[in-house]
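Sending over a structure as structure tokens; questions will come in a sec.
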Amino acid sequence: SQRSAITPGSIRVAVASNFAATLADLCRAFEAQSPYHVILVLGSTGKHYAQIHNGAPLDIFFAADARRPALLEREGLAVAGSRFTYAIGKLVLWSPQQGYVAADGEPLLPRACRHLAIANPQLAPYGRAAQEVLRARGLWETLRGQLVQGENIGQAFQFVESGNAEAGFVAYSQVKRPQQPIRGSLWLVPEELYSPIEQQVVLLQESAAAHAFLDFVRSAAAREILHGYGYSTP
Amino acid sequence: MSIEAQYSITRGDFLLDVDFSMPSRGVTALFGPSGSGKSTLLRAIAGLDFHPQGFLKVAGETWQGDGRFAPAHQRPFAYVFQEASLFAHLNVRSNLEYGFKRVPPQQRHISVERAIQLLGLENLVARKPETLSGGERQRVAIARALCVSPQFLLMDEPLAALDEASKREILPYLESLHDSLGIPVLYVSHTLQEIARLADYLVLLEAGKVVAAGPVPQMLTRLDLPLAHSSDAGAIFATQVAGFDQVFHLTHLDFSGGRFAVPGMALKLGQQVRVRIAARDVSLTLEHQGSTSIQNIFPAVVEELALENDAQVMVRLQVGDAPLLSRITKKSAAELDVQPGKQMFAQVKSVVLLA
Amino acid sequence: MMFHSADLIALALTFKLASITTFILLLIGTPLAWWLANTPWRFKFLIEAVVAMPLMLPPTVLGFYLLIALGNHGPIGQLVEWLGGQPPAFTFTGLVIGSVIYSMPFVVQPLQSAFRTVGRRPLEVAATLRASPWDRFFTVAVPLAGPGFLTAAVLGFAHTIGEFGVVLMIGGNIPGETKVVSIAIYDHVEGMDYHHAHVLSAALMLLSFVLLAGVYFLNRRLRMVQL
Amino acid sequence: MSIEAQYSITRGDFLLDVDFSMPSRGVTALFGPSGSGKSTLLRAIAGLDFHPQGFLKVAGETWQGDGRFAPAHQRPFAYVFQEASLFAHLNVRSNLEYGFKRVPPQQRHISVERAIQLLGLENLVARKPETLSGGERQRVAIARALCVSPQFLLMDEPLAALDEASKREILPYLESLHDSLGIPVLYVSHTLQEIARLADYLVLLEAGKVVAAGPVPQMLTRLDLPLAHSSDAGAIFATQVAGFDQVFHLTHLDFSGGRFAVPGMALKLGQQVRVRIAARDVSLTLEHQGSTSIQNIFPAVVEELALENDAQVMVRLQVGDAPLLSRITKKSAAELDVQPGKQMFAQVKSVVLLA
Amino acid sequence: MMFHSADLIALALTFKLASITTFILLLIGTPLAWWLANTPWRFKFLIEAVVAMPLMLPPTVLGFYLLIALGNHGPIGQLVEWLGGQPPAFTFTGLVIGSVIYSMPFVVQPLQSAFRTVGRRPLEVAATLRASPWDRFFTVAVPLAGPGFLTAAVLGFAHTIGEFGVVLMIGGNIPGETKVVSIAIYDHVEGMDYHHAHVLSAALMLLSFVLLAGVYFLNRRLRMVQL
């Protein structure tokens, strides 16, 4: 009903901000091999969810978690059965300072650090994962006073990168770029320490372009791009 | 008598309660001490303040009363405020044009250029109000009021900030307002001289009440009113131009009691003019004296005396059928035995020509 | 290239939004401010408080409630749909509505205090010079309240440019339609594309600075010419 | 002569260029037509405007000059503005106390209560300026200036907005300022009467230039200046109280040319007082006439004549050692053959007591 | 229970932040506005533009640059470190700094136009009554600019309460220290805890309303008593 502003063959894709760079790469690859055009609409997953509820003119929703797509599907706001996991995020403990974080994560915090950045555990899957790791190590209560929370993983990363927090739990995709060396020091947190960060996509409006794009996201070419950004795929 | 006003206004402790009428031609002076309610009354008449207890009828038209209240901009009056109150964002010309533009062309009596010329504003037209001197500002305010070609002019001490020379220049035009245009003026002032010169009718206000009202000549010579006891007290005479003294450039003015000789020859034969004679300029003698520089000497009958203070008396005399005031010392009054009914001579040192 | 073409579109869209919003704000705000400055009504303080309210709400929250109201289930959205129109959420119109509500206090407050300082006298003078209430409002009150209008326009315009939370919520970040420059910069930052974030911020600041400096400069010149 | 002022000020087309000195005691009047630069000069003296081309020295102290410029608040002057300019946010009492509080207690000459009483503000103290009438406002402004116990008072037409009665009440106090407190006053005015009454020294300004300056009695009778040709022209005499007429409540004042009898008995024997005699109140006769209400008649010698207009002449006479002005018609002058050197009698109708 | 206790803490923190910020804003903004209103300096329009700049930047972006400036490579961060102090990011002090910068134009602009409308005359009068420049500034200019101060204080206070982007960026969401109510509401919205979002929003709006209505009501009473 609200699609008049968009040219045929284009689709609007809502994407969580922290996945935007990766998805932009995916789109370039997709558009190179198909007649369709993809318009990215960035935002937080919570905001997108609220907007979809209120009639936002979107075709596909790349969420930062699995919960919101599931909810939308259940509420009948998404195409039933279209939901799948497009990427699995990896959590790292990162600092832009060389040698600040030990590569094996032991001891977890080598030096007294004033601030340790994480994403908000209530809102962001990476935040929840970081919380699980700290809980598992029995450090959650100890470190409470040092934790600074970003509203999303992007902010947690900025806290660390600007040097205001010495280190932080961020997404691997934020420090890893295809064919580039990694800055600073990091500990790639073993995946058994936190429940998997599944990022799901769901179809909101059926169209040939949308289906073609979702098919592409599942393709091997797409997976290669995802791996280049530090995601794993199911 | 066709302007009727009736107001009852309360402002803090101050109560203005008036009910008076005035002629719809000529200049009516509103005279009273500071704080007597002159400005308050003028504002009510202009329609600037709404007072439910009010009634105003001008020339048959009701502006307030019978459930009607015409707002200020619908009343064909102009108002000159006590402070100049020019529009700070407009230059002098635009200030003048403001009202002019808002009057339908067929109702215009006076052009902006004429107002500029009348009030000597030629060099000021491009200036902003803040660069004007106090007197210049007030002149612009008067010109601005004239530019709306009002049918009724309300002036709140418009000349207070002006020097004598400027006053002398402006007064004749204010006079001509009612003479040539027939615009009635309600003029607030506390200078008797101005009033004597300008006004035909006088409303005397004191502490919010109208103490007396009437034609100026009568009012000025009523010994029961304070007007006849101020230092500027004097009488006004209606006269007619009877001839000229070409040699000495004098004009002869006839009235019922005789003939005045006044300096100058600007008037026309037969013209009606008013003159003012200050009480302090009138001396009394028992005989008609010669070899004096005083030109104007008239037989007069003493009518009434009133004590001014311990040392002076005010004498009202009848000269022809007009009253004349003379302020003399008690000593003179005793020496000359001045009493009601006595025949004397009034020596008039100085006669002031009014309009 | 220094700019994404998308960034240029966002920049243009932003200035369009700010201009339209400022225009509407002055249109609505002026009579409101006038009324507030002059009414003797005893309960006007309640209205004054309501006008200032949008200031106190976090913009995202305001945006959230606006989204609900303007969306296809909300009262306004449904009303518009019933009238045959599109619900204003996720459209440029929606942004304008949101911006107007959000920036209203920045326009009303300076205007109100400007009108109050103009005072009654100049208006009384104008009344005696035959100016009707509307006339004297436009020819006397408005020009005399000049500095207040400048402040109001600058605050309203600038605040709309810098606006973010409301726009993000009810606009939906749609390029060319509702993606304004504040959101574009934010996206760059979030997407860790700091280079483009810096470039776009610098461009915005430069433009803003030139615009503001121009306005203030002209304002000064104008007042000097009048003197 | 110990106040020296020198300024060169440009304002648009207007150029003020003055260099004059005045006594540091008594009242100096700054007299000139509207727009002649009076306010501009007063502001410069007060230190309100800074003009690099200026020099001001008061009683030995340099306020501007030699690289020094004392700002207004450091100069021990007080200023009464042409418009009342009361603080709108303060009530009357707080307006008065504003300056009072800022003066060190040992330098205070006058209390707030005294100023209130002097200017009759008792009923207004709790009021806000916007509720005052025009005259009330100006009275508060004067009282406020007095409350800073100034060493030098600058007044810009402070009485223009007042009615005669209020003026009469305030004038004596302004006079006493320099008599009892020795405060010099620089007083801007365009009413000759006020100046004659108040001022000892006069600076005559015209179009930004000082045309003449000198003691008031000389200035008023100089036929080459416009002052002697205004309708209020007159002469001032220094006299001494010589006795009283208990019966008629008169006071006798002696001067070099004779004795005046003036109404009232408020003065003390031997007291020095000044009187003013308006030119229009003086008539000339060839003989000493009796049986007239005129009490004051003096032998006088004609000194100089000047044409006023086509019909009138101004005559300066010598009475004793003081000059006297008389305005008469050309006709009288011809009839009485008035010429320099001629012995005549001056009849003075009315004498105004100054301080 | 209707409120999280955390929400109450956030509410209290917010009002504390807004009060302190408003105080500092008036302290800094008043002399600045005064200078701007009175200086004859030809290039003051540049300063005016700079003061208005923070308005035009999206708060999140402003916050982002503040974060960089406060960090250990940023100028402020390095300065503070060099002085031996604690870096202000993630502290209440940091929030105050951010809020002051962000809300400055809302205080300076109304004050400047208020001072301009007071005009020179009352200050000249005060000068002739022995008041030194400081003295007359406080006893004449400030009270006569009263309505402007009210506007400035209300805009500054309210804007700080509603502030979100800057605080979000440099605050770090530490309960009792930097977690203000705007963020708390945002968290509820993002976390789809709409119930608590509604409750907290309503509480904030009610409090704001009562506060504003109180201010305006008192302002009116005050002016009436003076008359």
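Labels A, B, C, D and E are assigned to the chains in the order they are written; within every chain, residues are numbered from 1.
In the analysis below, a contact is a pair of C-beta atoms (placed from the backbone, for glycine too) under 8 Å apart; a residue touches a chain by one contact, two chains touch by 3 or more.
Note that the structure is predicted; figures quoted are calculated from it, not measured.
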- Message: If each step moves to a chain the current one touches, what is the fewest number of steps from subunit A to subunit B?
- Response: 2
- Message: Keeping to the contact definition above, tell me which chains border both subunit C and subunit E.
- Response: A
- Message: As a test of understanding: of all chains, whose mean C-alpha position lies farthest from that of subunit D?
- Response: A
- The distance between the C-alpha centres of subunit A and subunit E, rounded to whole Å, is 35
- Query: Between subunit B and subunit C, what is the separation of their C-alpha centroids in Å?
  - Reply: 56
- Take the average of all CA coordinates in subunit B, do the same for subunit E, and state the distance between these two points in whole angstrom. 60
- Task: Name the residues of subunit D that each touch 2 or more other chains.
- Result: 131
- subunit E residues touching 2+ other chains are 64, 183, 186, 189
- Shared-interface residues of subunit A (touching two or more other chains) are 47, 50, 158
- Query: If each chain is a node and each touching pair an edge, is that a line, ring, star, complete or other?
  - Reply: other
- Query: Hey, which chains are touching each other here?
  - Reply: A-C, A-E, B-C, B-D, C-E, D-E
- Show which residues of subunit A lie in contact with subunit C when the two form their complex. 2, 4-5, 12, 17-18, 20-21, 24, 39, 41-43, 47, 50-51, 53-58, 152, 154, 157-158, 174
- Message: Taking the touch rule as given, give the residues of subunit E at its contact with subunit D in the complex, in rising order.
- Response: 121-122, 124-133, 135-136, 139-140, 143-144, 146, 226-227
- Note on the structure: Contacts from subunit B onto subunit C in the complex sit at residues 46-48, 71-73, 77-79, 81, 85, 87-89, 91, 98-99, 102-103, 128, 130-131, 144-145, 148, 154
- Query: Can you list the residues on subunit B that touch subunit D in the complex?
  - Reply: 11-13, 32-35, 38-39, 82-83, 123, 127, 131, 133-136, 139, 156-157, 160-166, 190-192, 230-232, 245, 247-250, 261-265, 280-287, 289, 291-295, 308-312, 326-334, 336, 338, 347, 349-350
- Residues of subunit C touching subunit E in the complex: 44-46, 48-50, 52-62, 64-65, 105-106, 109-110, 112-114, 116-118, 147-148, 150-151, 154-155, 158-159, 161-165, 181-183, 185-186, 189, 197, 201, 204-205, 208-209, 212-213, 216-217, 219-220
